[in-house]
Structure formats: C-alpha cells, structure tokens
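For reference, chains read A, B, C, D and E in written order, and residue numbers begin at 1 within each chain.
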Amino acid sequence: MLSVRQVSVRYGRSVQALSEVSLDVSDGSVVAVLGGNGAGKTTLLRAISGTLPLHNGAISHGQVLHNGVRIDRMDPAQIVRRRVLQVPEGRQIFTGMTVEDNLRAGGLASPARTRTAARDRVYELFPVLAERARQVGGLLSGGEQQQLAIGRALMASPDTLLLDEPSLGLAPQLVSRLGSIVQQINAAGTSVVLVEQNATMALGVAHWAVVLEVGHLTLEGSAEELVESDDIQQLYLGGHAESEAAAVAAATEAQDHRRRRPTLRAWSG
Amino acid sequence: MGAFLQVLINGTGKGAVFALLALGFVIIYKATQVVNFAHGSLALFGGYVVAVLKPSVGWWVAALSGIAAAALLAVVVERLLLARARFASDAGLAILTIGVDVVLLTEIARRLGTEAAPFLGDPYDVRPIVLGGVTIGRTQAVAFGVAVALIVVFFVAFRFSSWGIAMRAQSENREAAALMGIRIAWVRAGAWAVGGALAGISVLFLATQDFSGGGLSPATHGVALAAFPAAIIGGLTSPGGAVVGGFVVGLTEAFTAQYVSLDFSKVAVYLVMLVVLVFWPSGLFGKVVQSRV
Amino acid sequence: STKGNQNTGQGGGSAVKTDFGVTNTDITLGALTDASGPFKNLGLGITHGSELWATDVNNAGGICGRQIKLIEKDHGYATDKAIPLYGQMHDDVLGMVQLLGSPILAALKKQITDEKLVSVPASWASTNLDSPSVLMVGGTYDIEQLNGFSFMQQKGFVHDGDKIGHIYIDSEYGKNGLLGSQAYAKAHNLALVPEKITATDTDMTAAITGLKSEGVKAIALTTTPAQTASALTQAKAQGFDVPFIGNNPTFDPVLLSTPAKDAFDKFYFVNGVVPFSADLPAAKDVAAKYSAKFTDTPNIGVDFGYASGLVWQSVLTTACNDKDLTRQGILNAVAKTKVDTRELAGQLDFSQPGQPSSRMSYIAQADAAVPGGITYVKPLFESPEAAAYKTPFQK
Amino acid sequence: MSSRPARARADRVWRIGKVVKITAVAALIAVLLLLPLYLPGDWLKVGTWIMTGAVGAIGLTILTGQAGQLSLAQAFFLLVGAVSYSVLTGPTTDPTYIGLGWPPLAGMIGAVLISGLAGAAFAPVSGRLRGIYLGVASLALVFLGFWLGRALPSIAGSTSSGRPPTPFSVFGLSVDVPRQLSEITIAGVPLGRDERSWYLFLFLTVVAYLLAQGAVRGRPGRAWRAVRDHETAATVLGVSVVRTKASVFAISSAYAGLAGVMTAWWTGITKPDESEVVGTYSVTVSIAFLAMIVVGGMGSLPGAVLGAVVVFGLPVALPLVTQGGSGTIGSGTAFTPIVITNLTFGALIILIILFEPRGLAGLGRRLGLRLPGRAPGEQPTGRAGRRRVTDRAATRQA
Amino acid sequence: MTQTTAQQTRSGRRVRPLRVDDLTVRFGGLVALDHVSFTVEPGSIHALIGPNGAGKSTCFNAISGVYRIAEGRITLGEIDLTKTRAHRLAGLGIGRAFQSLSLSPTSTVFDNVMLGRHSLTAGGFLSYGLRAPWTSRSARRHGERVTEICEFLGITRYLRTPAGALPYGDQKRVDIARALAVEPTLLMLDEPAAGMSAGETADMARLIQDVRDELGVSVLLVEHDMGLVMGIADRVTVLDFGRLIADDVPAAVQSSPAVIHAYLGNEDSAGDAGGEPGREAG
C-alpha cells in the first residue's frame, strides 16, 4: 500500500508544482494519473521515488507512506530497496552502455540469485531486447529504448511500479501490448501507477484514475467512471468522433484558447 | 644491446608508476566525469604525510597512513566540494580541482620549507639489482610488481562485481542510476577514494632517488602530469587502457631519450599520443561515443 | 590627477648628489627574489645573507653616514609577478642587491639598463655581462667549467683527445656552463657529448644511460642539486665509474642526508663563491651569524648574499667619496671598483666591462665526515684556460 | 499566450535595459581611458596584463564556450604569436636572431595571421576530436612549442637571454618612451611607457572584444553553438561541422597569437620557457586560460574579461598590495605574500565554482544586472543544471 | 508513383519529387533498411509508418545524409542526394525536425530558428566581427522571416527565451520552425506529435496541413498516431523490419492485412490489453 498524503512540492523557491495532493495505491491495483503538459504528473512520481532533490525540488508539505513507513525523507536508493521503482519520463536509459549492461544496472539493488530469472522474463516480454543485447543503448530506435527502460525497472522485481508516460513513441500495436504487459505485471502482484497521455490505454488497464491539473487533483474515480465523464472524453480521449475529420474538428474546438494561426506566406527571397 | 635492454627496463619501471597514476585518474574520471587536475596534489599530500610520520612510526606504518590520507583527502574533496557544486558543468568541476590543486600545492610546498626533500622509498630506494649488464632499480621492480597486482585486482573487481556497472551507470545518468537503487554518493566517493589511494601509492615510488632523482618536492607534482597522456592514450574510460597508456608513456620517454634526444622525449610522448588520437579518437581502448537522432 | 608631479628626489642639504632611493639618513636597496617558488632555497639564502651584511654595516655606522635599508619582494619565480613588483619598487631604490631568476633578469635587463639601476643577478652567466647595470659578483659558469676541466686534466682523469659528457639545463645557467666545456674541449681536442635537460627534469637515468653507451671519460654537470644526485646515483647503480665535475650550484650539503649520499665519491665541484659550509674563517663567521638569526637550512646563497653586500659596500663607499650617490654615480663607481671579499669570493675586479669580476675558483669535494660536508681539494686558482678564455661580451 | 500589452511591456523593459547598458558601457570606457592619469605604473602593468589575458580568454571562450571544443593549446599559440612578431619585426642586421625588419603594426597583424594559420594547420586533429580528448591532444602543442622554442634559438630567442621584441610604434609614435622623456602629456601627466601601453592594449582588447561580439551574435556564432549542442542537427541545417570546428580553432588561435604579441611587449622579452610546467608559455598558462573562461562563465565575452581579472590580475595585483611596504621576507615556511596570493587564488576559484557555477558573468546577472545583449548561448540563469541531472527538456531527448 | 511533375513554390524554389530508390542501410550485421523504394510527390503529405525499429528514422537519416547508405539512390528531382555532402542538403531545400529534441537548450528560440537560415545566408567571422553593413541588413531581413515563421507556429512569446526552458510541446514547435526556416521544398518531420495530448495532436495535424497548403511544399512524416496519419496523409509507406510492406493511399493501407498484422494490431490483440484500442484507431 502506497499512500500520498496531502503532498505539496516546490521546485527552487518559486515554482509550486503540486498542492496538497493525496492518492492511495492499494496493493495489487493499477492507478492511472492523467493530466495535460506541466500538470505535475512527473512531479508526483518524483515525490514518491525520492528524486525531487536531483531536480532542485522538495516536498514542502505532506507525507508519502509505503506499507505504513514514511519514505518521503528517504533517498532514492533506500526507496528502491523497498522495491518501489520508477521508470522515468523520456526513457533515460544509459545510452553508452549495452542493453545487457542496462539490464544489469537495473538489477543492482535486487539479490543476485533473482537476477537471471528477472532478465529472462524481461527478454520474454520484450524479445527485441534479447536480439539487441550487445548493442549500445543509445543506438536503439526510440521505441526500443522505451522497452529497455521498462525492462530495466522490472529487473528489480518491483512491488510498486511507477511508469511515466511509457507509451511515448511506441507503435500502436506495442501500445496495446504495453497495456497487456502492465496487466501481466499487475497480475503478478505488482501495484502500478501509470502516468499517461494516452488516456485510452491507461483507462483501459487501470482500476482507479485521477486527473491532475496545474498541481491540483481535480478528479478521481474508478476507471469506468472516468471513461464516461464528459470532461475526460473531451480533453483526453478526443471525444466520440466518428471520423478523423470530426476528431480534428472536435479537438480544435476543445483547444479554442489557441489563437487562429496566421498564414505563412512563401518567402520572397 | 646492453643499452637497449637497460632502456627497456628503465622505461618499463617508469611506465609502471605512470600506470598507477593514470589508473587512479581514469577511475575518477570514469565515475564522476571529472578531469582531476589535483591528481598530482593528492600524490603530494600522501607523500607529505609519509614524510612527516616516517621518522616516528617507521616506513610501513607511514606508507599505509600516507595512502589512507590521500584516499581520505580525495573523498573529502569529492564530498565537500565537488558533490556540493551540483550545478557546475564538467568543465567547472575540472577547474574546481585546479583550485584545490593550487591550494594543496602551495601549502605543501610551504610546509616542506627549505629542508632537504624527504625521500619515501626506504625499503627499496637506491638498492639496485644488477643482472648481467643491466641495472634494475629496485624501486622500478617493486613499482612494477605493485602495478601488476593492482591491475589484476581492478580487473577482477570490474569484471566480477557490480561496482563497474554502478560506476558507469551513475556517471552517465545520475537520476536513472538513483532509480536503480545505486547509492550515487557512495559510488562517487568510493571512486575518489580509490583514485586517491592510487595516487598515494604512486608517490611512494615517485619520491625516490631511483625514480625521479629527488625526494618529495613540488616537482613531484609536475611528474604526475604524465598521467594525462597516459590516460588519454589508453582511453579515458578504460582502466585497462590507462595501464597500457602508462607503459606506452614510460617506454616512449625512455627510448626517445636514448635514441633521439633526451630533450625530445617529452614531446615524443605527446606526439605518440596525437598519432594514437588521430586513428583512435577516443584512445586505444576508450569507448567511442556514439549518438543518433 | 595625482601623477602630475615627478619624483625628482634631491637628497637635501648634504653635499652628496642623490636621486633615487637615497635620503639624508638612508640608502635603500632592493631585492627581487624567490621566497616561495622553485628557487626559494637559494632566494632565501641570498636574502638572508644580504640582511646579515646590512646589519653588520649598520652596526658599524652605515655608509656615507646613512643606514642601509632593504626592500625585499618575493616573486615566486614568476615573470608576470616580478614585472609589476619591479615597477612598484624601482623609484624607491638606488639599486638591487639581488635580482633572482634568469627569465626575470632577461625581462628586466632593458629596464635596469635604461634606468641605470645597478643590480646583482643571482646567477653567474657571462651572457649577462653586456649590461653595465648588471653587477656580476664572482666568476661565471663558463669560467668555472674551464677551471674544473683544467683540474680534472691535472689529476689525470681526462686526457687530450678523450670523449667527455656534459649534462646541462637548457637555460641561461646551463648554456653558460656549456660555453666553458666547449671552450675547454676545443682547446684540448676533446669530443664533447652534450645532454640537454630542462630545469624540472629530475630523473637523470636516461642521460646517464646515454653517456654510458657513448663511453665518456668524465662528465660535467650544470644542473640542480637534485639532478646532480640523480646523475651520481644512476651512474653508481649502472656501474659507470667516471669522475664528475659540477658548477657551483650543482651541490647542496643537504644532499648528504639523502639516499644519494654514498654516490659522491667521484664528484668534484668548482665554485667562485664559497659554500656556506666551507671550513674557512670568513665563511664560518657568516655561518655563525646566520645560525644565530635564521632557522632555514642554509646554502651557498647566504655567502653570496653577504659577498654581494660587500661589493655594494665598496661601490657605495667609492660613490660617496665622489660625492655622487645618484644612479649614474653608482655606475661610475662600479667601473672603478675592486673589492676583496675575503675568502667569500676572492678578489673581484669590476673595472673591465664585459668581463667577469674574477676568473678564480675553488675545487671542493663533498664529504659527509667533515664539518660543513665539504673538503677543499684546491684553493682559489685561475687556470690558464680560464685566463685565456674570451667571454661573450669581452671587448 | 501572452497578451499584446504584456509583450509591449517586455519590450519596454528590454529597451530600458539597453539604455542602462549603453550608459554603463560608456561610463566604463571613460573610466578606462582616464585610469592612466591616476594609476601608478605598477598598477598599469597589472591592467595591461589583465588585458593580455582577456584577449586570449576571449578567443578561448569562443572556442570552448561557444563551439564546445576544449583546448589547452592557448599557451602554444601565445608563443607562436610572440615569436612571429619578434621575427617579423626583428632587426635584419642582428647576427644571432633572425629578423625581417617589418614595421610593428604589420608585424602584429602578421603574427596574428600566422597564429591563426598554425591553428588551422591543426585542423586534422581539431576537426576530429572533441571534449577532453581534444583538450589533452592540444596540450601536445604546448610541449611541441616548448621543445621547438629551445631547438630554434635564432628564431625564438635563446633560453639564456631571449630576444627583445621591437616595441610598438606607428606613425612615428612609439610606445617605448620613458616617462621622463615623454613629450605627450594629458592633464599634466606625461604619457610614458606604461601609460602608452595601457592605451595600446586597451585599444586592442576592445577591438578583439567587438570582433568576437559581432561574430558571436551573428551567423558564425549560431553555427558554433549548433556544433557544440548537436552536431547532427547542425549538419542537417547546413553547417559543415568539420569546417566550423577547424575554423573556430584557427580563430581562437589567432586571438591567442595577439595575446602572445601583447605578452612579448609586456614582458619586454621573447624567451623560451625553462620548464614546460611553469613559465610564460607553459601548461600552467594554458590551464589558466581555461580557468578564466570557466570562472568568468563559459561562452560569455564579459565573463572572459572578468575571468582574466581574477586569473591573471589577482596573482599579480595581490603581491603589490601585500608587499607595498619595505617588509622583509620571512623564513622558508612563512606565509609569504606569494603563498598568500596562491592560497587566495585557489580558494577563490573553488568558491566561484561552488557558489556561482555559471561564472562571474552569472553573478553579475544575479545581482540584478540582467541586461539584454548578453552573448547568445551562454548558460541562462534558469534551472539549467548539470548534464546528467536532466531537466524536463533533456529527459525527452534520450 | 506515376506522375512526378515538379511544381513551384511561390518563392520560386522548385518543389521536386523525392525518390528513394532501392535504399539499403546496414549497421554491422543489422539490415536496418532493405531495398526500400518510394516517392514523395511534390506538394503531398507522405507518411512513413511502421513498428518500432522498423527503420523509419534510419530512412530519414539516410535522406538527410547523416547515415551512409549501403546501396540504392536517393534523388531530389535530378540531384543525387547520396553524392551530396550532408551539410549541403539544407541548401537544396531539405528541412528536417528530429525525433528526439536537438535544439541548443541555452540559445534563445530566435537563435535556434535563425540557425535554419544558415544555408540561405553568408558571411563568416570577419564580416560579422567587423559588422559589415550587409550583415545587419541580412540579419534584419532573415530575422523578420524567422519571426513570421514563429508567429505561424505560435511561439513568438518565447523568442527571447532559452529553448531549453520551454515545455516539451513548444520545443517540438521550435524544432519544426527551425526546419521551416530552411525554406524547404521537402519538410521532414519525425514523430511531431509524440508526447502530445489528443487536442495538441489535432492542432499539429492542422499545422502540417497548413504548411503544405500555404507553402506548397512536400511533407515527409513519421508518426505513430494513426489518427493524425490517416487524417492528413496523401500517401502512406509502411516499413517492417526494414522492408517495405505497403505503399498506398491511407484507406488501402489501413485495411491491408499485412499492415494490420505488423503494425496496427487488431481488435483481438488490443483485446488482450483488456481495454479499447488506442486512440489511433479513431
């Protein structure tokens, strides 16, 4: 059980990125976190994983508890040892290390005997990683890097997995595979916090979902409830569009705060 | 032929000491991406401690204390200064070590005063082994043995422990490494401790009559400059490379001194380095930094 | 502006003409030295030697009714620091008892010449004799080498037609020593094998290995003490048993407390200025005064500093008699000065422009067993080669 | 979306900032022009030494800060500049030293060009290597220079006494005039060597600065920063990476060459060093230039000048302050003025990096002097961090 | 791939067809592109899709001269791009935005976009250092155009902000602005909508259409958002494991079994995920 209690976060002295956000992740559940750019989703995950100091940020108020123990004062390494694992936004794989070494790094905090089994499982979930085992991480394609990032976190056999926009840059088929992978991981007893722009996928696999808006938790409920909510439909699911043209139109309307684009004339040299 | 063999031995002996210096330099660089301009001062500091303690506690205790002191100082520099300069660039950190270097060098030189330069190699200094026509400085022989032993130890450590992986991981991406449960502070401080200890060991050979003709003096600091080309020739990211680089430097110096001119030998080291870099832009064993879009 | 009025410092009512650095009560001399850099041992020695001299003079009532005041500045052997420091002091001093550092002397030579600021350099290269403002105390390195080789040949270590080696620092110092050995080699048909090193090299292994394979019969050294020790121990280690002859600065008695101490048996050194530890009355007098006042390990610089003081004393006295303590007056006095520095540096003659003030040297050997660590094997002498030698600026 | 008034306000602030800045610069120039009338010669010497450092640092900050190419060869090009000038302007009649007898102005320009060409000749290396590898590779040049300087005494001046460089003069107006003999006076102050050198050096520094500023703000500067930040992107946008790297190395070398000419004038001698570690053209000097640009703030031109004040100015100015009187030197373990200077210098470097990692230029901005027209591509004061503590933008790049 | 007429942009630069002919790229043993051919018709929006690692970005890199190709030819009209030095391509009218951001984070947005004008301008250190009058004229003229382009992308308020300080979505826009600043006849966009919400994606779709409509240039597009691709592309090329598996109009591609199998996934596989198919199924 992971619970975030009224947490506020600041970056530096001025930026207040979260205000009194509370969230419970009960054992074995999948919680989706939705929200626009800059809403504070990543910040929430950092608050849990203890990496805020690396970004000059700090929890200014509130607590984070894992199985009843306060973890908001711990450093990331201690939190990882509690098997709370975060897959950071934007992959952040070790670009200079091979795929294999990336996975080894992922397994550093877990007992040596479990590592081989964990690696085999990662290769099973993401076969392309086995094929590219000796390739340098930085040379993988974007999607392959994303798979590596997830696989690396799985090496520590997490109890709670925090995923930050895992579907970024993944092909559609892989996005749906990702959904099923999250479910598989969850079925094996891992709780998952899933931060996503792809609300369709996220709500498809989550039990519970919350919406963040500029640092405030504005909406929460079971995934089914949220799918039905109008706000969600409009902002995150692109409406019930019949055709693409309609979807575009609907989305443009939803974004009506955007000004009309001026015409770009050809340059006359 | 006699001269050739003698030169080979001289060069190898020097190379071993350069290798020790370069190894420490590379380990620090690999773990923290810091070009440690204070490496010579770490050595000097270790040597100073040995010189101060030797008369009262004897060579062995003094030597061990010196190594420990150099390691400790390295950790202090890392924890107290580098780790706190969180927003400095890599170049900024390198310059910070220059500041450290200036302070240490000035203060140690001041403390050394006008006394005779202390010599640190009591058990082996100026007791050459003569084999046939060639003379082997015992310092060189011991340095070679120590270098080989340490190289094996590090090879094993890198190969069979997670230390190497943790070191590389956190030097590449601190946040991701933290999220892998790697104790960044430990890894970094550990690498500096090892680098400092290696500097502390090498000074026991540097400040000898056999190796440099002089005792511990600010000049010892200058000799440590050879760690630069050695580390680069081997490839900054490769501890094994550092060792090879050390020997390349030692041998190049010895052979050009004999067969071209003494004067030219230092330039020769750098010219060899340039040639290596033109063909292997990241050194002989360095990792080629690849990127893609 | 504050800079409008120029210093024209007339020395007041006395009959003696003055301009810079002289008042009715004081004569101020400068010392630009290295008290913290690579030559701090030498710099401190000379400075302290000059201080001892100044104290002695002042206790004896001063010169020309004036007390000697010293302005000492430390440049740490850095030209960039020395140049502004010189700028800071040059209007306040009559001349300099010490100007240490060949790169610094090179940089300032034009200025001291232009400003007629007579200065004693802390090095003995005859290549600096071109400026009348350079007051060279004692024999130069080339002269020392000539006397040294002459001694070696006398002793039968070297014969005409032999091969000899010379390890020298590529600097004003080393190159001047080399001039001497070259001249000697030419005169006696010796084959000279030069080994060029730099001031910071400390390991002479390669140089010795090289000279050994050349099969030289004797080796000249124009090096630092540490380099000397390295060369001697390496030669010993490699079983290369040849005599060495070193210029004055190649030896420092502290070497006798290093692991190199056993390698000095075949080492001779030549000096124009007596070493601190010499068992000679004048030297012992200076040594006693030094030990009473200072704690630093003494070296040759102390006696040199004292001797430089004696030279200034004689120059000042001459100038005083001429009633002209201006800089020009000092220059005029220098050209007339002959000084007896007692055994410190022998008889010095400054009346020959472009020539060293002395062509005499001692030969000494290191000897840990005797007080001072030195035995004199030959008292002050002038070899015929040295007498015949034409220094670079000799007219 | 920012509203129109907001943007207008931003523009107004920007314009006011510009006015403030122009006023400040004008005041600074006035002060610099008047200083020789008040400062004594030794302090003018400190000033001209700082300017010498500033010229070299401007070149290096372009290379390292703007184009991302590390170089430790600045000392070598200093030597090339000094020697070239001495040879070009040296008397043709001197039997010991080769001289071509050019007038000083032509000699200076020639020396700058020769240094630039020497830098260009390093293209096969400078175009291929990056980062610390290039840094240490370029160090090879310093060693090469050290050796060449001594191997060619008739060109570089021998180690024993060096060769005096021809003092600067143009249109019959010479810099090398003793104060006592000077026929030019301003406000009753005769302009001697030190004063004239000050104006000459000031002029050269300003020209060097303005040239760099124009380039940094314009097309070449953008190409440099593109190469620094992303080689592939630079190529795709039409920048030839290899050519840009090689040319910026040459430009930086030319700057160092000018600094070398100034060094020759300042020291009054062209003389190879005695040691590769300490001396006028030594490794230490190369490192000092690197320290200048880092202390000043990578890539920032005012920063390079401030860096020169700290790195070149402080060590020569402090001894003047601490040795002002007629004090005597202490013992071998005393805290002599130079020891104090060195300790202060080292500590200051540490403190600047610790507390102002973006350099003195960053400090200026923090003190509220946040002015427009700062060299583009300098680190902004925002939350930019170390490369590995990736910020939001960078995390997406992986 | 029938009619390959060149048309004219209003600026007078000829918009030529881009022909990728039998293109093969290898990395060691890995064949990243295997004899791929397709043509981007002038003025069309051409999408390149395929699973992760299919070789889309590699194809972009080959076109823009970043990777050496093993076999094949790439031509823009009559010009053989494979024989042209990489940095000359911008001058030929190829503008590209990257999959991973590659702006200068410390330079201002204006400066970043102005870099795009590099091949349209001239002058080196001396002319700019000496402030030759023509340099400031050119800076003004091109600066105005840069402002225009930034207005078009809605990023004018950031002109003087360091690019690294911008939100991700806006950085992507700066990248596109920079590619447009090249005055391209072929605009290459690698995953322009990645990391954007549905609304922003739709806006991006409009933007791409506007560029094409207003400038008349060709657009080559890599994107995983099928809504966007199918909504605006005139033609779609599908890669899988470096091989071309389809090259057709969107409707045909969407119903091709090979493409569904390799890339889109079907209701069944999505059903595995226990949720609805991705929004891309639109």
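Note that in this section a residue touches a chain if its C-beta (ideal position, glycine included) is under 8 Å from a C-beta of that chain, and two chains touch if they have at least 3 such contacts.
None of these values were measured; they are calculated from a predicted model.
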C-D against A-B, pair bridged by the larger set of C-beta contacts: C-D
Chain whose averaged C-alpha position falls nearest the assembly-wide average: D
Length of the line joining the C-alpha centres of chain D and chain E, rounded to whole Å: 42
Inter-chain centre distance, chain B versus chain C - centres from mean C-alpha coordinates, in Å: 38
Chain C and chain E, separation of their C-alpha mean positions in angstrom: 76
Distance from the mean Cα position of chain E to that of chain A, given in whole angstrom: 27
Overlap residues in chain B, where contacts from two or more other chains coincide: 106, 110, 113-115, 172-175, 222, 263, 291-293
Contacts with two or more other chains, residues of chain E listed in rising order: 57, 66, 98-100, 102, 154, 167-168, 195
Multi-chain contact sites of chain A, meaning residues that touch two or more partners: 54-55, 88, 92-93, 95, 139, 258-259
Touching residues on chain C, where the partner in the complex is chain B: 36, 38, 40-41, 44, 170, 195-198, 200, 202-207, 209-210, 212-213, 226-227, 229-231, 233-234, 237-239, 252, 254-255, 257-260, 262, 296-297, 299
Chain C residues touching chain D - in the complex, by the definition given at the top: 1-4, 6, 28, 31, 33, 35-38, 40-41, 43-44, 47, 51, 69-81, 83-85, 87-88, 92, 102-103, 106-111, 114-115, 125, 127-128, 169-172, 175-176, 196, 198-200, 294-297
Complex contact set, residues of chain B against chain D: 29, 33, 35, 37, 81, 84-96, 98-107, 110-111, 113-115, 171-175, 222, 225, 228-229, 232, 236, 263-264, 266-267, 269-271, 273-274, 277-278, 281-283, 286, 291-293
Contact footprint of chain D on chain E as seen in their complex: 64-66, 85-91, 94, 96, 98, 100-108, 111, 114-119, 121-126, 128-131, 135, 139, 154, 157, 160, 162-168, 171, 178, 182, 195
Touch list for chain A against partner chain B, complex: 49-51, 54-55, 75-77, 80-81, 85-88, 92-97, 101, 104-106, 108-109, 136, 138-139, 152-153, 156
